[in-house]
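The same subunit A turns up in both complexes below, where it pairs with subunit B and then with subunit C.
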Partner chain A sequence: MTETVLLYLFSAAALAGAVVMLIARHPMRVALGLISTMLALACLYALLGVHVIAVFQVLIYVGAVMVFMVFVIMLLDTRDPSFVARYSRLLLPGALTAAVLAATLAALLARHHGGRLRPPGGADFHLQPFSVAFLRDYWLHFELTSVLLVVVVVAAIAVIRGRGGRDG
Partner chain B sequence: MDRSQFLVGLSVALFCLGLLGVIVRRNALVMLMCMELMVNAVVLSLVTYAARAGSTAGAAYVFLIFVVAAAEIAIAIPIVLLLVRQRRTLDVGAYTGLGG
Partner chain C sequence: MNAPLPLTVIYVVYALGLLLTFGTILTWVERKQAAVMADRIGANRAYVRIPFTQIKLIWMGLFHGLADGIKMLLKEDFRAVPYDRVAYALGPWVTFIPVMLVFAVIPFGGSVAPGRLFPLLAGSYGDRAFPMQIASLDAGLLVVFAFSGLTIIGTMLAGWSSANKFALLGALRAGSQLISYELVMGLTIVGLILIYGTVDLDAIVRQQSGTVLGVLPAWGICYQPFAALLFLTAAIAENKRIPFDLPEAESELIAGYYTEYSAMKMGLFMFAEFIEIAIIAALFTTLFLGGYNLPWLTDAGFVLPGGHAFALPHALVVVTQMLTFLLKVLLLCSFQILVRWTLPRFRWDQLLRFAWKFMLPLALVNLGVTVAAVAWLRGLAA
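Then we have the complex of A and B:
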């Protein structure tokens, strides 16, 4: 019972954060809306029993990505015209597209209800089997992410320095 | 309505709100954040199914998606900063002539 109430509460919080992202004028408020959505999603993951993904969500998304984003917003000029006029002239077609997509996906979801996905012999998610599998079966993928991050750092420096490294 | 279906419905709603944000907002940074919202919505549906199936592979895959999303932001933000340095605005309507 409590879990169901919490599920609806955090889902409502996630939706509210997403709506704030659409209507807020200043990017900092949009970033705060996104952070609240991500925290609500982390709470939903914890409710589902996948605590490790909830921790990943808080550490990687809220802790790293969004802090980076907030820093960049603080770096930029607040008198930018895009801070005053929120919407481009694609407002009507965009709203139509999103409404059509939402209706299609909702209709699909309503048609395929209740099918059990649990494979025979599938157990609940537990941290210990995940940790063992993560560092035994997926160690190569884990190491490849570090290679990817190095590539990204080099690429970011190359982008900022530009052609010939004028004013990097 | 069972729990998984509700969460997948929530992920559909978040994805559509994110798509709407990418299309209608003018600020380049806000568009990036709406893209992050779309990624989060898709990850929510993946986590829902992975938790339902008790799959460790799903959880490992979510970790990889998080790292790729962090990498995407780390590349996208310098590009936005360069655009701002050149055009003096964050308004995507001003970025004409980006082709070729």
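Then we have the complex of A and C:
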């Protein structure tokens, strides 16, 4: 009972943070929305009995990634008004992609409805088995993710450079 | 195994009371110890007068902490016009709350069996013993680092949102300093994790209950004395206290990132700093000083070398272990205050060079040596 209430509460918090992230204008507000979403997700993981994932969620995403984001936003914040416009030109493609994603997720969820929605918590997700599985079975996936991150960084630079050639 | 709900509630109340008491007492300890070190009489003016009598309880100025708290609460809550209202309001809380949360995974005593303490409860609890720790998680040490990373965001939000150049400079300094020293702090611990083979704080403390070479207690500081030194240094830097108090250096930046805060909002920053002294002390005690362990004290009583054993009742063991932990924490708090009143402040470039070019290589060397030693010892054992 308590768990269900908390589950819905933190889900709502995660959604609210995501909405704030999408509609807020100032980068720092966006970062705050993202932080609250990530904390709420960590709470959800903890509720589902996978403490280790919850801890890593806070440790890596909030403690490392978001700390750097907040630091950079603070460092580069020259009170520049470029973020006054709420929507960019990519609004329509973005909305379309979001709709497709939502529809796909909904379809998947509908197909598996009534099935096992709870992740397999418990012993598999204690620190030791988790680390062993991570470094023995999933190291290639992990490394591929980092390659993906490099691609994203290159893409971000390309997007910035492509817009009127204004070098930082 | 986590404790049942009633016991957990008692633990939480105990932990909150303990931390808030430490936060209040340490403001007095700081001033009194500074006075003793400077050969002054020191804080001795605040007193409580017993109503309708002329009896004044001075108690060496112990009530100064209380007077401070009341002053913070009753002062005008001056409303600055911040650059960002939300971040300005969030700042103190994001700094304060994670500091309190860290204590959830620190074991503050051995195991307690409620059924053996109170015969009345024997029916419901039987002989089962529970660790004296709010949340016994197998990822305990990672939780500590996860939460202490959150405080950085709080300081940066506070300084950035304040619409004040001094505050912004303080926040920039705080951000870069905390990120640098957090790295060092994490690296110094890795060697210890290698030796203990776990990050579960309760298991770490239990491993420190024996003796090494027959005489020395098997505390972390005996295995990793160098890491202990580096860890304490990095932890004091994390807490932004002299000699690492650049983010709030009053002769350069007024009060740094919390210049624009007043009354209890500023009090929360101060409170967080003083509670963090206690948290650092508790963490250091847990990792390097054997936590609640006294040499030769086991759950059954004292077992001295040579086979002499004194059995102690369960209640006495529990109380002794809790007091041992508290005493160690208190001594370490006092040591941190000693450092604070001994060393002068770094210059900014010195501070960052100290982190990246001195402490980080040393931590890496320490880790390398530990890895080699552990591998060699495992090879011997195999």
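Definition applied: the second predicted complex is superposed on the first by the 108 of 168 C-alpha atoms of A that agree within 3 Å, B and C clash if a C-alpha of one lies under 4 Å from a C-alpha of the other, contacts with A are read in each partner's own complex, and residues count from 1 in each chain.
Everything that follows uses one rule, which is that a residue touches a chain if its C-beta (ideal position, glycine included) is under 8 Å from a C-beta of that chain, and two chains touch if they have at least 3 such contacts.
Predicted, not measured: the structure shown is a model, and the values here were computed from it.
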Considering only touches as defined above, state whether A:52 meets subunit B (first), subunit C (second), both or neither. both
Per the contact definition in the header, classify A:95: touching subunit B only (first), subunit C only (second), both, or neither. first
Mind working out whether A:30 is in touch with subunit B, subunit C, both or neither, as first, second, both or neither? first
Would you check which partner chain A:63 touches, where first means subunit B only, second means subunit C only, and both and neither mean what they say? second
Among the partners subunit B and subunit C, which is in contact with a greater number of residues of subunit A? B
Is A:43 contacted by the first partner subunit B, the second partner subunit C, both or neither? neither
Intersection of subunit A interface sets (partners subunit B, subunit C): 52, 56, 64, 68, 73, 75
Which part of subunit B faces subunit A closely enough to touch in the complex? 1-10, 12-21, 23-30, 32-34, 36-37, 40, 43-44, 47-57, 59-60, 62-64, 66-71, 73-75, 77-82, 84, 89-93
Considering only the defined contacts, which subunit A positions touch subunit C in the complex? 26, 28-29, 32, 35, 51-52, 55-56, 58-59, 62-64, 66-68, 70-71, 73-75, 77, 126-128
Using the touch rule from the top, collect the residues of subunit C that touch subunit A in their complex. 84, 86-87, 90, 137-139, 142-143, 145-150, 152-153, 156-157, 159-161, 168, 171-172, 175-176, 179, 199-200
Going by the contact rule set out above, which residues of subunit A touch subunit B in the complex? 7, 11, 14-15, 18-19, 21-22, 27, 30-31, 34, 37-38, 41, 44-45, 48-50, 52-53, 56-57, 60-61, 64-65, 68-69, 72-73, 75-76, 80-83, 85-88, 90-91, 93-95, 97-99, 101-102, 105-106, 109, 113-114, 117-119, 122-125, 129-130, 133-134, 137-138, 141-142, 145, 148-149, 151-153, 155-156, 159-160, 162
